[in-house]
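Shared between the two complexes below is chain A, which has chain B as its partner in the first and chain C in the second.
So, the complex of A and B:
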């Protein structure tokens, strides 16, 4: 674990880090000049309203993929129900703001609380299941919560909930960016503590983890709750940003699949993998979907890409920043051997 | 006072009585060897002591305090380390990292922080003879080395009692000798040991006591040399007729309860 962490940054520092810092500075600072200024200056990407929206969406998926990575990547419990946390966070903000007239910031604080409380309640029984059983059970939870919300009158039932519109691309962009930073930093911090090593031990061999003294049940539930809190936060921001929520846009199982794919393609179990995955996949999805009548190809293209990734770079694209050349036959052989072992 | 006292321990899996009332004690400083034919309940016994399996009946006392049914992680933190017969390393970690995990979680005398645990891992890695391979990935290790790693990870927990489940199985003569030296050094370090073994030279070589399990019951207990020559033990392993041919005065045949070999 530590060896792998040390292996990554060596060449990362040389190429990727300066480029990354430059990009990050651009993304963070340019919007400060306001969209109008940016438009006048003709700055690419961020001067464009559509791209602003895409950048916010990317940040949102960074939060979701990183959060999924904590339970799925670090702990090894592939949750297909994380989208329920997103929806619960969104509906917490939705109900409090639209029906109770709470101010958005106050409601947003409660979004992660609701989501992680729910994770605590369902996590205690569900995390006793493993592998496919856990995946199917969480999938059921995800669908069930969505259906429940869809049929509850006070929650707007199938009509959904409308929130007072707040027109500020900047605000929501920065909120999502902060949430993304919190998600990435949490992962980084977790991996440096005893808690993080406990999660890795559970992923690698749960029985062995128990007999060396890891309180596996507590650790798994804690990881699930942290993932839920982060996902719920993203959901809460989304509710106000979109100003309309219903079952279809906040409880979409396809979103859950997407966050898993992002984490896995980027590199599950790493700090920056889900970030790389979220950025690259979301951009690919947006590009492919932009073709109008060719939209059907976006699904096919995505499918092919994923198959290729899982076979040839099972440790994720972030692994390309390792020491040795990743484009050699030797790397391919080694990878295939390790994953089939 | 006994370090570990097991009384009337029973465990049933469906129709199979894996343990049918096992009673024994382990005194501090002992090396207790547990032998018995396949299916005698040896591994189930270790699983019950380490908390991975909950016994149906009976009592396990550690330092005169009952630990029966306690979760495995709490038993580990009391100072009971164990290895698995089929090794269970953390595959994505190196030898050093695997070992450090023991010190990070298991120590009864205070758990270590990650950096300190890595440093502390080095001494036990040397003790089990993996010093040269400390930075190797687990997947590159041979089976004997993986067994050494199991011991290293358990030792990093600074246990007072170490449960070894067939660490010598599959080793050649030279490797068994090395492993024996290792066990002796661990014992000299003040660790009490319970080991399950099929290799008889190990039982005679390091054990201060031996216990024979058959069909989930204690068949005989005592000094290793005596136990291994007992006709009942020969019978348990090789059958009644063979035992009678070997030892003219036949011992009273033990009552096994049906076919628990399954």
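So, the complex of A and C:
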């Protein structure tokens, strides 16, 4: 799967690098031209508020899709509960800033710590499960943690938490961009280490990986914690950026499905796949949402998009999951046997 | 003490609802190996049909259950035949994502048609109940429990006493062998999913009699159906019945524990789920080793 990048024709690659650099330069520099100071200096305005919001959201989903990719794509454990880490990161920042009066940067450092601690606690029992069982158990985490937060008074219960508003689109855009860079870089680094090879081995055949000496439990939990830390970081930034968090906006299961879809459509198990998936899908979703006024239609759009992607382009993404596609009682038996191990 | 008896009775009654919800889910999972994330949405479609018939033509909710079943059977058959069949051999992540997508679409359509207002079905006898000393059994909930047992019996009879049931079980056991002996797989898949959806519809009809419904009210039921199937074990009607009743008891008794409340239904479900998965992955009665 990593080898796929090398299959791109040389001529295309020659164009890809400068285009990529140009895009990156645009993304990093254009925001600078839209601030008030730039306006006063008479520089042309190249982007507006909405652009910031969308770009920041895209960067946020790049973080989440890349983080999901580490546990779902590289390790082969399809987690449907990563959104719990996002929510925990957001609530860490939310509680520390709004109730304890901590400065935002200090609180932000703790967001990934809380998320990965939680991943450590739930990961040890849950990563023994596989297939449907792991998927739904993690789905349960997302729902249950959200519900817990919704019921706890100190966490604002169902009212949610309000943070002091920080008016700086630039700051949050760059923060998310840095988080996205960290996420992509982490994936790239992991794939070049012994740890990364261990994760790929677990994905391909966990028993065989164990036999050749991979400490599978440690590796899986570590991958889960790294994914959680990155997702928690994004959540922490989101909390201050949005300045209001509640169960609905930080524990949304549909966010979790979106990050999976982005990683899968872009190419799970690759470094840049989740990035491509996040950018293209988020832009489509934003377009469907029409600026966020018609939430229902964007939900229908997402549903149709899911169906279309799954039905019509599974060949492009299916091969990584490989030979597990024969669904029979035999397979069920095997899954059950594996989960009881 | 009577407080406790009342709780146990309420737990069993709630368990009956979970049995009804989980039967179809369990069938689809066991035979098609699809964890149907749209199951809760199908349940709520049933609720809305019952509500619509009740408010429009004053049809008693229990009388509209066969209509729920029929409509949902058609929807389920079409969904499987037209959409889900296309990924039936794909890895689980794909059926997962697909059924989630279907769930989103159904919920959004319900939102467009019926809006997000709370809807409830209130027949004349909805407040009445049987009083046995200090213990009360609401008629409606009791009716739900009876229907749940009828459903379980019907599913058992379909699977074990009819040719179609034999064919469904054959598909579940080995689809290639089933095809070799002349079973039309596409039709059988669709039929299985249709039956699962029909059961979901009836469960939805029952639910509408005691709970206000909204388009998103079905989502918790998907997770709870999963928990019930895990708890009981996959592959047997009796396991689903036992799992459902146990789960209802756990939820009611759990909610009455100090410090907890009805807001924790999903959290309790999840904790039970994880404990069972880790301690006894085959469920209480699971026969698949």
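We adopt the following convention: the second predicted complex is superposed on the first by the 265 of 341 C-alpha atoms of A that agree within 3 Å, B and C clash if a C-alpha of one lies under 4 Å from a C-alpha of the other, contacts with A are read in each partner's own complex, and residues count from 1 in each chain.
Here is the rule we use: a residue touches a chain if its C-beta (ideal position, glycine included) is under 8 Å from a C-beta of that chain, and two chains touch if they have at least 3 such contacts.
Model, not experiment: these values are computed from the prediction.
Asker: Output check: A:207 vs chain B and chain C. Expected answer is one of first, second, both, neither. What do you get?
Answerer: The answer is first: A:207 touches chain B but not chain C.
Asker: Quick check for you: in the superposed arrangement, does A:148 touch first (chain B), second (chain C), both or neither?
Answerer: In the superposed model, A:148 contacts chain C only, not chain B.
Asker: With the two structures laid over each other on chain A, which partner does A:216 touch: chain B (first), chain C (second), both, or neither?
Answerer: Only chain B; A:216 stays clear of chain C.
Asker: Touching A:194 in the superposition: chain B (first), chain C (second), both, neither?
Answerer: The answer is first: A:194 touches chain B but not chain C.
Asker: Touch check for A:261: first (chain B), second (chain C), both, or neither?
Answerer: second
Asker: Would you sort A:133 into first (chain B), second (chain C), both or neither based on which partner it touches?
Answerer: second
Asker: Chain B or chain C: which reaches more residues on chain A?
Answerer: Answer, by number of touched residues of chain A: C.
Asker: What is the shared patch of chain A, the residues that chain B and chain C both contact?
Answerer: none
Asker: Touching chain C in the complex: which residues of chain A?
Answerer: The touching residues are 78, 80, 125-126, 128-129, 131-133, 135-137, 139-141, 143-144, 147-148, 150-151, 253-254, 257, 260-261, 264, 296-297, 299-300, 302-307, 309-311, 314, 318, 321, 324-333, 336-337, 339-340.
Asker: With touch defined as at the start, can you tell me which chain B residues reach chain A in the complex?
Answerer: Chain B reaches chain A through residues 50-52, 71-73, 76-77, 81-82, 84, 88-94, 97, 101-102, 104-107, 111, 113-114, 118, 135, 139, 153-154, 157.
Asker: Quick check: in the complex, which residue numbers of chain A touch chain B?
Answerer: 1-4, 192-194, 197-198, 200-201, 204-205, 207-208, 210-217, 338, 341
Asker: Residue numbers of chain C touching chain A in their complex, please.
Answerer: Touch residues, chain C against chain A: 29-30, 32-33, 35, 83, 86-94, 96-98, 100-105, 107-109, 111-112, 172-176, 219-220, 223, 226-227, 230, 234, 261, 263-267, 269-271, 273-274, 277-278, 281-282, 286, 288-289.
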